[in-house]
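Look for chain A in each of the two complexes below; its partner is chain B in the first and chain C in the second.
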Partner chain A sequence: MTFLRKTLASGIALAATAMMATGAQAEISDNAVRIGYLADMSGTYRDLAGPGGLVALEMAVEDFGGSVNGAPIEVFSADDRNSADVGANTVRGWFDQENVDLVAGLVASSVTIAVTNVLKEHNGLGIVSGSAASSITNEHCTPNHIHWVYDTYPLANGTAKAVVEQGGDSWFLLTADYAFGHALEGDVIKVVEDSGGTIVGKIRHPFPTNDFSSYILQAQGSGAKIIGLANAGADTVNAITTASQFGVVQGGQQLAGLLIFLSDVHAMGLEATQGLLLTTGWYWDMDDEAREWAERYYERTERMPTMVQAGIYSSTMHYLKAMEEVGTDDPMTVKTRMAGTPVNDFFSRNGRIREDGRMVHDMYLAQVKSPDESTGEWDVYEILATIPAEEAYRPLSESQCDLVQN
Partner chain B sequence: MTMIFGVPLAVFMGQLMLGLINGAFYALLSLGLAVIFGLLKIVNFAHGAQYMLGAFAALLALEYLGINYWVALLLVPLVVGGLGMVIERYLLRRIAHLDHLYGLLLTFGLALIAEGSLVNLFGVSGSSYPTPAALQGGINLGFMFLPTYRAWVLVAALVVCLGTWFIIERTRLGAYLRAGTENSALMQAFGVNVPLLVTLTYGFGVALAAFAGVLAAPLYPVSPTMGSSLLIVVFAVVVIGGMGSILGAIITGLSMGLIEGLTKVYYPEAANTVIFLVMILVLMLRPAGLFGKET
Partner chain C sequence: MATTQTLTPAMERQRNARLRRGLLYLVLIAIGLAAPFVAYPVFLMKVLCFALFACAFNLLLGYAGLLSFGHAAFLATGGYVTGYLLASYPGLTPELGILAGTLAAVVLGTLFGALAIRRQGIYFAMVTLALAQLVFFVFVQSPFTGGEDGLHGVPRGELFGLISLRSNLAMYYFVFAVFLIGFAIIQRTVHSPYGQVLKAIRENEPRAVSLGYNVDAYKLLAFVLSAGLAGLAGSTKTVVFQLASLTDAHWHMSGEVILMTLLGGVGTLFGPLVGAGLVVSLQTQLAQSPLGNWVSVILGLIFVLCVLSFRSGIVGEIAKSVRKNFK
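For the complex of A and B:
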């Protein structure tokens, strides 16, 4: 009898301890939510995310009220200088010294892939907003990150398909020679060939490249109808400017920019870019909700937000709301809640987070306006079509991600 | 169609032409570096930033003061060169008696400050500078469509390079300069104002960089980072040519442009590295550079 009572008593004590332990876990560790923003703050990709992305992140924190269930939200940032080593070491430091809860930003795909490995080692959570490589949620998927704004699959799927359908069936590709460029190149080749077009040649140019004249000349000599630019940022800008100097369009060829940001079009001007087809995840002037947020952002930065900057706000908000609901900063608990909640806000329509970490949402096929059509400095796109979320991204049936049961 | 190593002749000729144009740029920039190093023994790491300042000054002058391209081509090198003279007079001179490393660090620091401040003010996307009306359009050479502006760059860069070489190697002023750096005490005893010569020389080297910047403005987006990527390549060119050799810098600049141009056709992935491979080879076989004097 004594024995039984003792066993029972210790059993109850054990259960109580266990409950207390869960009780402790269900709070926010060290009573603060720490968000680290990692991005290219000074190089090629500065203007598409960079300091503007940090402003968007801070706007989200402010709009949320600055704390989650009483725990204050702290935001800090670092410049990855587009180096995978710098990025990975910074995030490692954030885990070791800052107790970081969420890594946000994440722009150059090579940096992101290195950082997601660190996230996995430390069982942390990251939201990728700036990167393009679709491999981030394909062969490089981890349970520890979510890919928010766009990736190379819908870019290729949207733009390349539309161009081939308009008769641009022979392509010459200029590819940035690193993870993102390779991913985009692969996706474009597949879409072009599936839609009945051919690839007549391709060049992988070093990243970054200043002088594109040689590559443009080779593309001109190839006789392809379309010169596809599987690069981004300053590389794309350089390529397009050089093409206009060498009279590519007058010679009967057309350019297809596969990854064009609002900041690129703004920098090049409408004269050089008019008529360009592109796919975007969001555009500031697409509807009232988008405009309202964009105006608030503009007041702080005097620039209109890119889709990446808008996505940073949207993803941070979704994260903070999920954390408030589950009452813990345990990464997997928060992620599960995020994945269980549809994403519908000024940025994302019909959005949901899939098991491979991809946030799929509606994408848009847009065309750059001519200088006559534009009514203002930032009035640059006309949205031609909406690509529904479920069609835009790589279907899970083709996924190579370990997290997906095929 | 005639083929050269699997590339049509026309494409091959076009690539040679572009290589030559890029080479002229390299020559112009490495010339400024070579003048500064050869005569003053300063490793001018601010050269890329000074090139960028040239392009920026031209852009801002056009936007805010309405100064056109041709005036900017003369005015901007004077202004940026003047800034260089101030840097020499008040900063570099104070450390002239120390190891070269100090000059390198100082100029590198100045470059970072210039670049960083402009990134903060203007971002990195840059803006475009319109091609001057007289140089718009292009010439059909039969094997390629050559934009008129690029032809002009080739001519302008070559004329300035050869002019500089002539002044330094063939005139009395150049002789003073060379003698002043060889033995400044003796030259001062002859009544030559050597410190002034040194200031002017640095200013001239900087003005060359700014001139190259104005030439580049209509070709590439004008952005604060446009100089830093070029600087390393230009340094490699100077090392290959032989630190301080004026003619070496010009010839090496042109030939590296050609080699890089051909790499872009046959193995584009290596286009950014090929010049450094040549540099390693040259350093192994002729440590003083192709045109450098053994010390």
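For the complex of A and C:
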């Protein structure tokens, strides 16, 4: 009798646990998928992600059908003003008050690193599309975020290597003084020295800076063949504009923009930027699939998408598909499924998410067209070479990430 | 019964006023205790940290008549020291970290104060601003602050090694206690004989000197107290948000605290609390609205309105009308 009762009791307990387990797995918490979009909506990095990134995110949600297994998808956004504390506090509020499932966007690297700490603490999930610092999936890696579009390692590996090979072997670096600039500077120095070049000098400028005259003067005085710009967005635009006013190129020096977005080239015009070498994760005119999506984006915004905006669409789609397949919004379950599925869409071919959170995919070395070659306002790049995914990104054997077993 | 009869009307009024004030404190503490069940605790903690910061600033401006334009330096010093210690020494409990941050602000305050109180008026404000900018650039360049990236991953830890502060509710009550301690120190200071001398110096410094008071010592002590309490606010803020950033050290922050104090009512005990509440709520609400980019403009307009129409601030105006109508 006791035996029977015991078996019965344990049987019921077992069934109950099993039910609870499946119940927890096959459910989307509070019957809604909530995606928070955090980006610089008003400052230095507005054009490369900003409101356009939110449009891309909303397009992904619409194309997916607006709901996952019957649970509606809600999208909300906030401006981080490129400030780490504003960003981290906003995301903390999203977890405490809004029950956010995915944090998307994430542009300035300093904000991203602060936010990933909050993601880890609340066991959430974030997809980083805008940030560049390779440290985000190196020393700052967490199980709770994925880095999608590009990082400073392929930028250095693509642009800096190509420039040195073309004979630009002495460099002066102008660096934005925060996480992204530091990471890019480190990666570029390594690549330049490994390819046989030398760094003759470097200087760091505050982020953001409007007046680059004193920095450009120092760069001119250094006598380096190449002035490497390890900054981004409006900072790069300002630096290049100042350099052209000071006659840097006429003086025999060359500029190497290490992180140039489509929006920057568009802002400066082909006259000022022609011939510039750059590395990009995606270009709207690179093939039919990319063009088709870009045209749809253009209809809404009257601008062609940058690689970041395309990456936001691609990553959100991948996330929603994975969630539909596993039927839960549990961050780790969804992430595991995302990592187990190759990323094949208009953005990437056979992209895959590594254990350090890096989504590795092919990168492209491009050159800015001259005004004569260009056939339209947005026809600005010529793709020179494809950098295969395995070569483009930092190999796991060099990783300092805790999640990678070396 | 016998004692009541001997009270003069004036004494009775005073006693009643004290009773009323006691009652007011009790009601406010009750509101403070119940608040996290109504509003978002992290928002409330932010309000309390800034309120303490503004109260500390008000002690200097409202009661000693010294306009410091560099108080962000103390807020940031407290925050960075606490953040650095808690992040690098995992065994350290948060209250010790906060204590260390406060002490660092006190030391810095003594240094700044000793230099700045030698000048008056606009020169005093400029000296404090210059020194605070100096501190700002030290924080930009020092590796331990993380420069533009800020200092991340500060653990909230366990209070006295016993109570985990991970939950927002526990953290809130701790911050509330810290605020009450800070506020009590200011309240005691203002109503003590020392506070009376400060007010005398504010009203007429040469007269206080001629009465034989060592004015410099009084002013320095007020400066150090104010700096220490600002540091306490910064340290607590770092533990709450688990990060310290350059925003706290920037001169905008020194301006913001002036705005909070003037808006609420300079020289009133509750003014800075109201001002901080108003400014922080506006910033939070506006950031989420389509007017997000207009925060500074809107705050500026409110400030202009305040200076033009109710110069003694919200609490100051209320106190004035109470005095006029209920006496």
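To be clear about the criterion, the second predicted complex is superposed on the first by the 392 of 406 C-alpha atoms of A that agree within 3 Å, B and C clash if a C-alpha of one lies under 4 Å from a C-alpha of the other, contacts with A are read in each partner's own complex, and residues count from 1 in each chain.
The rule we apply is simple: a residue touches a chain if its C-beta (ideal position, glycine included) is under 8 Å from a C-beta of that chain, and two chains touch if they have at least 3 such contacts.
Worth saying up front: this structure is predicted, and the values here are computed from it rather than measured.
Enquirer: Should the pairing of chain B and chain C on chain A count as a clash or a fit in the superposition?
Expert: Once both complexes are aligned on chain A, chain B and chain C clash.
Enquirer: Once the structures are superposed on A, label A:Pro206 by its partner contacts, choosing first (chain B), second (chain C), both or neither.
Expert: A:Pro206: touches chain B and chain C.
Enquirer: On the A-aligned overlay, A:Ser42 touches which partner chain: chain B = first, chain C = second, or both, or neither?
Expert: both
Enquirer: I'd like to know which partner A:Val164 touches here: chain B for first, chain C for second, both or neither.
Expert: Neither chain B nor chain C is touched by A:Val164.
Enquirer: Can A:Met317 be said to touch chain B (first), chain C (second), both, or neither?
Expert: neither
Enquirer: Just checking: does A:Asp85 make contact with chain B only, chain C only, both, or neither of them? Give me first, second, both or neither.
Expert: Second partner only, chain C.
Enquirer: Scan A:Leu259 for contacts with chain B and chain C and give back first, second, both or neither.
Expert: In the superposed model, A:Leu259 contacts neither chain B nor chain C.
Enquirer: Touch check for A:Gly269: first (chain B), second (chain C), both, or neither?
Expert: A:Gly269 contacts chain B only, not chain C.
Enquirer: Once the shared chain is lined up, is A:Asp177 touching chain B (first), chain C (second), both, or neither of them?
Expert: Both: A:Asp177 reaches chain B and chain C.
Enquirer: Name the stretch of chain C, from among 150-158, 240-248, 294-302 or 312-320, that runs into chain B once the two structures are superposed.
Expert: Of the candidate stretches of chain C, chain B runs into 294-302.
Enquirer: Residues on chain A in contact with chain B in one complex and with chain C in the other?
Expert: Correct list for chain A: 42, 177, 206.
Enquirer: So in the complex, which bits of chain B are touching chain A?
Expert: 8, 10-11, 14-15, 18-19, 21-22, 116, 119, 123-128, 131, 138, 144-145, 147, 149-150, 219-221, 223, 225-226, 229-230, 261, 264-265, 268-273
Enquirer: Would you pull the chain C residues touching chain A in the complex into a rising list?
Expert: Residue list for chain C touching chain A: 40-43, 46, 140, 147-150, 152-153, 168, 241-243, 245, 247, 287-288, 292-293.
Enquirer: For the complex, which residues does chain A have touching chain B?
Expert: Touching chain B: residues 42-44, 46-47, 177, 203-206, 208-211, 213-215, 217-218, 220-221, 233-234, 237-238, 241, 245-247, 251, 263-264, 266-269, 272 of chain A.
Enquirer: Which of the residues in chain A end up touching chain C in this complex?
Expert: These residues of chain A touch chain C: 41-42, 78-79, 83-86, 88-90, 92-93, 96-97, 109-110, 113-114, 117-118, 121, 177-179, 206-207.
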